[in-house]
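One chain, subunit A, appears in both complexes that follow, with subunit B as partner in the first and subunit C in the second.
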Partner chain A sequence: MQTYDLGAQGLRTLNSSLHALKGQTNMTAWEVINPKGAHAIAAGVDAPVEITVRGSTGYYCAGMNKQATIRIKGSAGPGVAENMMSGTVIIDGDASQYAGATGRGGLLVIKGNASSRCGISMKGIDIVVHGNIGHMSCFMAQSGNVVVLGNAGEALGDSLYEARIFVRGSVKSLGADCIEKEMRDEHYAMVEELLRRGEAEGKAKPEEFRRYGSARKLYTFNIDNAASY
Partner chain B sequence: MTDFPRTPPRYSATFTPAVNAEIRRAAATGIYDIRGGGTKRHLPHFDDLLFLGASISRYPLEGYREKCATDVWLGTRFASKPIHLEIPITIAGMSFGALSGPAKEALGRGATAAGTSTTTGDGGMTEEERGHSKTLVYQYLPSRYGMNPDDLRRADAIEIVVGQGAKPGGGGMLLGQKISDRVANMRNLPKGIDQRSACRHPDWTGPDDLEIKILELREITNWEKPIYIKVGGARPYYDTALAVKAGADVVVLDGMQGGTAATQDVFIEHVGMPILACIPQAVKALQDLGMHRKVQLIVSGGIRSGADVAKAMALGADAVSIGTAALIALGDNDPKWEAEYQALGTTADAYDDWHEGKDPAGITTQDPELAARFDPVLGGRRLKNYLKVMTLEAQTIARACGKNHLHNLEPEDLCALTIEAAAMAGVPIAGTNWIPGRTGF
Partner chain C sequence: MCGIVGLFLKDPKLEPHLGAMLTDMLITMTDRGPDSAGIAIYSGAKDGLGKITIQSPHPERDFKDLDGDLHAAIGQPVAMLVKSTHAVLEVPLGQLDAARSALAHLRPDVKVMSAGDSIEIFKEVGLPKDVARRFDLAKMHGTHGIGHTRMATESAVTTMGAHPFSTGPDQCLVHNGSLSNHNGLRRELIRKGMTFETQNDTEVAAAYVSQKLKEGEDLGTALESGLDDLDGFFTFVVGTKNGFGVVRDPIACKPAVMAETDDYVAFGSEYRALVNLPGIETARVWEPEPATVYFWER
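Up next, the complex of A and B:
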């Protein structure tokens, strides 16, 4: 285990060390202590390592992550795991705005609540939120899956493309072009798999979820839908 | 019946035939006019400025014999690997999707041969462009299409696009007919839909956030790459100041003459300010902050000739950027395709429906048959020639003003032909020392 004191050694040295772990390495376990809300912790990692951050983080923790498993033993600031390519990010606490924004792959798990715009413009990432998600979540989301064990705020899935949203609790309102869709067998299986990978197995059953997706009415401009654009 | 003289038909100055045609088109189709290119209305521009060549009070340099340097460093504030270009004319961001692959290749070939950089666009980085561009600026856009850390690291600089001259505050609209399999794959979108690009970045909101975003990008790229911030010319004093505050190495300022792949005509023609009005404000912001020449300023929007380059630099820019002019140099809107332009209901030099993907020149299209018409080697050669000519023109003017580097041009080398241009550029009306709004009488 490599233990790194962020307060004493600084962000640049941490990220330089993590970026040097290209490809395979036998230094697979890292621990970051004293994060104290610093920004861009473990951003741009590209190695199959496990990084545990003991405390809460600022903006863009695990940004653009590839391959790594990053656990935040606290809460995460805005833009956690933004544009993640692959790997896993797990947050024990809550996540601020834009969690998983534009994420292209990998898995983001938020064991607390996520604030507004969770999964905004997501492009392939999977997100599992044990608590609630805030307003405008999945705005312009293009692909990937979001599973929410709690409730969703206003304007869920506004201007949605092909991302799938599964919510167990209530949805305050749906955004433009977002509709409820039928849960089929493949969706139950998908939710079950994501609950397992998202460390939520036993916390909820797939049949408790409702599915939301794009009505595809905004895919080609039509003046009769102008109020929705 | 007496044949009296008749009053000839008289068109309204308000309801012109063009205005009426647009009203009829809107009524028939139910959609605003979407097109490519830049504004077509007359605006105060560099043509309204003149250089004051040297005579007795100033001493000129000998043309072709005395050196007039043209190189420029970009990104000297924070980046450990700033960019050094041979000429201060860069190629503006134009997306793969809007342009064909061979067109992107030609831009790379031409720019590299001329000693300058190209810029990606709203479609991610293509091998055509990375492979042929010695220096490539990677645009970081609200849509984040194709965004990945590998391409960030393969770039020579990163340009965070906050705004664009053709549409400050607006997002993009790439119509479905240009979303080919490859474009759809790069953009994670279903094929054939109308793609709407966001007007705001998804994971930051204001300048304080932007500062942290830049920190993240620098951390990911080892603090090597210059970070450009591109803004549309609307409030250039404050936008430049805030870009500097956020940590920009370079500010890119795009005036309303700047082009676009596709957006609403009403946006192109009615939002933003001419680049002439933008430059002095941006330079003033840099000077007020003590950052002029430390944070470099690239300006764009309707740059066409070496005279435009020299005038922009005399007003305080470090470099300029060209988009539409580069496409014309490649061969877009060439009269040799006139018959096909006519078939599309337009004419050469007026074709602007770049979003429809039917470009006869094969440049702004994803149609493989049309794209195959375009020769990227020849196109690259034409662009190189054009960039070299612009540079020679700017050098000729600078020498006549007694300057041994394009960066030594200054506002004092200029006068204005119109009150509007004088007020915007902050230079006196020709034959006077009157700068409207600044000096008396």
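Up next, the complex of A and C:
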């Protein structure tokens, strides 16, 4: 286990050490202490390592993550796991704005609540939120899955493409072109699998979720839809 | 960008440390706003006395013998404490308006930063650490205070364009964001009798809240009205003699984190600003909801 004191050793050294792990296999467990809300902790990692951050993080923690499993033992600031490619990011506390934004792959788990714009423009990432998500979540989301055990805020899935959204609780309002859709067997299986991978097994059952997706009416510009854009 | 910090103390034992705590928070927010910095601190009222904080680009000239000159003009004793480009004048409470008119006459280049029973405002262009050192902010005590680090967007980088803005007695406001309807609102507020020092959007928001308070609304209601009337991006933190309020616009792009313990309520644009506060590890930490007014009063 490599223990890294962010307060004493600084962010640049941490991130360049983590970036240097590409292709290596012998330093697989890392612990970052004293994060104190610093920005860009463990951003750009591309190695199958386990990183535990003990405390709360600032902007863009685990951004662009590839392969690594990053656990935040606290809350995460704006843009956590932004543009994640693969791997897993697990946050014990809450996540601020645009968690998992533009993510292309991997799994983001938020055990508390996520605030506004969770999964905005996501392109293949899976997101499991144990609590609630804020307004404008999944705005222009293109693909991937979002499972929310709590409630969703205003304008969920506005201008949605092909991402699937599963919400157990209430949805304050749906955004333009986002509609409720039927839960079929394949969706129950999908939710079950995501609950398991998202460390939420036993907290909720697949049949308690409702599915939301795109009505596919705003894909291309149509003058008749001008009022909805 | 801009950075905001705020601290409202519930435990009087922390009052001697308010300046030091706020200064640490302010300096942490330097990279959100390195242009200018300012702080409003409520350091308590002295019986029968009010305070006017003034600023001059030529303090040696303007502050020389100002206490004596003001005493002669209003016929009441005046105490003056000079801190760099600012000075705090203490005058009998009923004489605040008289002292302000006399000031405008005696020292036309002097600007009034704040007036009231308890408030003092210090703000200048420069890095937050330099501004804090210049006014010895870390030594100040008080019940609550608000600080701001500025990255200018809507008006020039000047002392008067720095935050906090104070447009009413014991009131102040700081802002992260930008307003889009401030010119129209400024004209309306001028018609209602408000005066403005700058072309800054935030000064309009401050004057808007002051006007509502003048019309008899409480702070919470005034901020609710602001959600309808102010257009643009904003996270505001507002101070009054007894209270401290927070509101974000409905889109809530501008970041905000709050923490509360039995001893204090704290605000930071980022969690980083709060990490050195006592007991932060066990504090209730949350992100204020959009279009929701929060306020605390003692």
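Definition applied: the second predicted complex is superposed on the first by the 228 of 229 C-alpha atoms of A that agree within 3 Å, B and C clash if a C-alpha of one lies under 4 Å from a C-alpha of the other, contacts with A are read in each partner's own complex, and residues count from 1 in each chain.
Convention: contacts are C-beta pairs under 8 Å (C-beta built on N, C-alpha and C of every residue); 3 or more make two chains touch, one makes a residue touch a chain.
What you see is a predicted model; the values in this text were computed from it and never measured.
Residue contacts after overlaying the shared chain place A:G58 against subunit B and subunit C alike.
When the two structures are aligned on the shared chain, A:S115 is found in touch with subunit C, with no touch to subunit B.
In the superposition on chain A, contact of A:G124 is made with subunit B only, not with subunit C. Contacts of A:H135 after superposition on the shared chain: subunit C is touched, whereas subunit B is not. Between subunit B and subunit C, B contacts the larger number of subunit A residues. Once the two complexes are overlaid on the shared chain, A:E162 sits against subunit B while remaining clear of subunit C. Using the contact criterion defined above for the overlaid structures, shared-chain residue A:P206 touches neither subunit B nor subunit C, since it reaches no partner. By the touch criterion defined above, A:S96 lies against subunit C but remains apart from subunit B after alignment on the C-alpha atoms of chain A. Of the two partner chains, subunit C is the only one touched by A:K36; subunit B is not. After overlaying the two complexes on the shared chain, residue contacts for A:P78 are found with subunit B and with subunit C alike. With the contact threshold set out at the top, residues 58-59, 78, 97 of subunit A are in contact with subunit B in one structure and with subunit C in the other. Contact residues of subunit A toward subunit C in the complex are 36-38, 56, 58-59, 75, 77-78, 94, 96-97, 115-116, 134-136.
Partner subunit A is touched in their complex by these residues of subunit B: 29-31, 143-144, 147-149, 152, 176, 187-190, 193-194, 196, 198, 202-204, 209, 212-213, 215-216, 219-223.
Subunit A makes touch with subunit B in their complex at residues 11-12, 15-16, 19, 39-40, 43-44, 46, 58-60, 63-64, 66, 78-79, 82-83, 85, 97-98, 101-102, 104, 117, 120-121, 123-124, 139-140, 142-143, 159, 161-162, 218-224, 229.
Chain contact summary for the complex, subunit C toward subunit A: residues 251-253, 255, 257, 270-275, 285-287, 290.
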